[in-house]
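First chain written, first letter: the chains are A, B, C and D, and each begins at residue 1.
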Amino acid sequence: MKKTFIALALPAAVLALQACTMSSSASDPDKMTAEVIKSSFVDRGIAKLDRLNPDPANAACAAAEVAGQPIDANLAKSIEEANLKSVQWPSDGKFLGDWKQGEKIAQSGKGMTWKDKLDSVNGGNCYNCHQISKQEISFGTIGPSLYNYGKLRGVTDPNSAASKAIVEYTWGKIWNPRAYSACSQMPRAGHNGVLTQAQVQHIMALLLDPQSPVNQ
Amino acid sequence: MAGPMRIRAKLNGDKTTVRVLMSHEMESGQRKDSSGKLIPAHFIQDVSASLNGKVVMTAEWGPAVSKNPFMQFEVKGAAKGDKISVSWKDNKGDSRTDETTVS
Amino acid sequence: MQTRRETLKQSAVVAGLVASTGLFPQQAAAYEQAAFSAKNLADVAKALGASAPQESNAVSIGGPDIAENGAVVPLKASSTLAGVKRMLILVEKNPAALVAMFNMTDAVEADFSTRAKMGQSSDVFAVAIMSDGRALYAKKEVKVTLGGCGG
Amino acid sequence: MKLIRKNVVALVVLALAAGQAMAQKSASDSIAEYRAMLQDGNPAELFEMHGEELWKQKRGPKNASLEQCDLGKGAGVVKGAFVELPRFFADTGRVQDLESRLLTCMQTLQGIDTSSVSTRTFGKGETANITALATWIAAESRGQRMNLPQDHAKERVMYEVGKRLFFQRGGTHDFSCATCHSSEGKRIRLQDLPDLTKNPGDGIGFAAWPAYRVGNGQMWSMQHRINDCYRQQRFPEPKFGSDATIALGVYMGVNAKGAESIAPAIKR
């Protein structure tokens, strides 16, 4: 967690520089916004003000959205490359854990708000945005359906060479979705320390284990 | 002191639909506070409704009736201008009575 | 047309009246604690001195198929029969099944609605306790869903 | 034995899947039905009654009511005020939303000590009073269409600030308001998410709050709604009546121009 925010401090300075180079009329609301943020927010519980330090990808994606334009293609590419490099692959070499635990993690949206404690077990927030198993009818649609995720991709044995590419992609996507899509709306669950390596392994099993209800 | 009820009594043909909203916590006795202690049950147990002073229905409730309770029933033989009054009493002995006019 | 203000003023007066005349005739008979502690339909009926519950087309239960929030589930119990003494609303999987009991007079229809808390998906029942002691019921399933965010 | 059990489980799962496919088709219909059942008898009415009393009641060191409070349409004008807020107020030199304006009136007209009013006291004391007042004031404009002014330069700046805050990504999950509220027809779990970057339709989004939350039985003002969005975004906390919350109100309110207000609504 701490590591992430140290990494974020530098880009904030970059952002400030970018703002100064903009035309004065456009820079007014940006400057005003920075002042409003400064005067409006306070620390509460574990949610400290440093959570507002923008990293360059967040700032660039938000600016593009404000302008109603897609992010610059070269910038997108560099963001994706940098993030792919930072993905931590499973230290024990195991990509898949237990789908039953994965289901519980996918169901939970808990953790890291100002009401939570630092040592609380975080959820993956998955069902908030995705359909996953067919049994759960209360699912969101912000992200694509993940029902039959492994089956549709032909994963019959996640340990096989044939499945290697999709297994690694899925790990990278959960760990840090920005590795493949610069302005992804999906949280960087691994990179930002929302989920532990073991939790990511369980979610991987939920999606890719042929025994998982997702693939029935 | 508990806030007033919102009572509406509307004549439809020969029946009057009475809708009541009550201001009450309806604490179930199952919930725990932030320190893990059980919050004691606090809920409306007895309800009574009258038409021009004569009791037309009573009710007994458990703690599973929702917070800020809603109740609806149909009274026979009321006319516009008649008084409908509703009372409740909770398990701690607090009570409240309000009334309205059939419209 | 009565304003809310007038209603409020009057309520104080009425409250005084309640204290003196006693608007709770059922308190002559105590609160049905046993019924409100019972775990299922059969035990609730037994606690109220009724016979074994039987399903009946003349009783109906109204409620949603899916409740977006279990904290507030609108339920309606009604019957077309004459001779109904009490209408009950039950949620089978709650810690105590009986939610509410409505006692009839000739001046009201056997038609009552309220809102119940439900901890989980469950069958819900409307029960008519008849003057002759029969307990007639209707049931339906209400699914309780998980809400968004969860944080 | 084990094998047989496995087969049975598989069968059950299959049957469930078929059943669920049908349930899924009608799940949103069922939810709509559930919401419709709650419309008649919205406990927000209890707060509305309390708010009206508070407006007319002489309170505070100055023993005054709020009946001379200027909500933007002149002293004491309540009807229609809600659908034009937040707006610029010359006496404070600020753009204010309904709740921060009520705070001003309680201070100036009634002399009430409002230091206890904060995000930590939602549902309690004077903060609860402000919510009740906002509930009644909103109800007095029920059925009118959102029509926030953008005449004053500060109102236009606040719109631009609100827009930037709306898209600001941060917190541990990189969420912004836009993550959930910038496209049509999306859901979180089973709850529909309004697209707040434009007019989301009558009685949706900004035109629905204050609202009674059935989940916790609480009356939530827009301040409380925005506060809890930020909590779930894993941001630090915006102060009660802070410019960030007001700017977001301007952004959502201006975008909702023409939408019919149904506030106070009832929500899950």
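One rule holds for everything that comes next: a contact is a pair of C-beta atoms (placed from the backbone, for glycine too) under 8 Å apart; a residue touches a chain by one contact, two chains touch by 3 or more.
This one's a predicted model, so the numbers in the text were calculated from it and none came from an experiment.
A.B. asks: By the contact definition above, name the pair with the higher C-beta contact count: B-D or A-D.
C.D. replies: Here the pair linked by more C-beta pairs in contact is A-D.
A.B. asks: Need the CA-centroid distance for the pair subunit A / subunit B, whole Å please.
C.D. replies: Going by mean C-alpha positions, subunit A sits 48 Å from subunit B.
A.B. asks: Using mean C-alpha positions as chain centres, tell me how far subunit A is from subunit D in Å, no decimals.
C.D. replies: Distance between chain centres: 27 Å.
A.B. asks: Let me have the rounded angstrom distance from the C-alpha centre of subunit C over to the C-alpha centre of subunit D, please.
C.D. replies: Those two chain centres are 33 Å apart.
A.B. asks: Tell me, which residues of subunit D touch at least two other chains?
C.D. replies: Subunit D, residues with two or more chain partners: 23, 27, 49, 187-190, 214, 217, 231-232, 234.
A.B. asks: Which subunit C residues touch at least two other chains?
C.D. replies: Each of 8, 71-72, 74, 115, 143, 145-151 in subunit C touches at least two other chains.
A.B. asks: Check each residue of subunit A and list the ones that touch at least two other chains.
C.D. replies: 112-113, 125, 127-128, 137-138, 140
A.B. asks: Chain pairs in touch?
C.D. replies: Pairs of chains that touch one another: A-C, A-D, B-C, B-D, C-D.
A.B. asks: List the residues on subunit B that touch subunit D in their complex, please.
C.D. replies: 3-6, 19, 21-23, 25-26, 66-68, 70, 72
A.B. asks: Touching residues of subunit D toward subunit B in the complex: what are they?
C.D. replies: 40-41, 43, 45-46, 49-50, 212, 214, 217
A.B. asks: List the residues on subunit D that touch subunit A in their complex, please.
C.D. replies: It comes out as residues 10, 13-14, 16-17, 20-21, 23-24, 27, 157, 160-161, 163-165, 167-176, 178-180, 182, 185-190, 193, 231-232, 234-239, 242-245, 247.
A.B. asks: Hey, which residues of subunit C end up touching subunit D in the complex?
C.D. replies: For subunit C paired with subunit D, touching residues are 4-5, 8, 63-69, 71-72, 74, 115, 143, 145-151.
A.B. asks: Name, in rising order, each residue of subunit C that touches subunit B in their complex.
C.D. replies: Against subunit B, subunit C makes touches at 1-2, 7-8, 10-11, 14-15, 17-18, 23-27, 31-32, 36, 71-74, 76, 91, 94-96, 98-109, 111-118.
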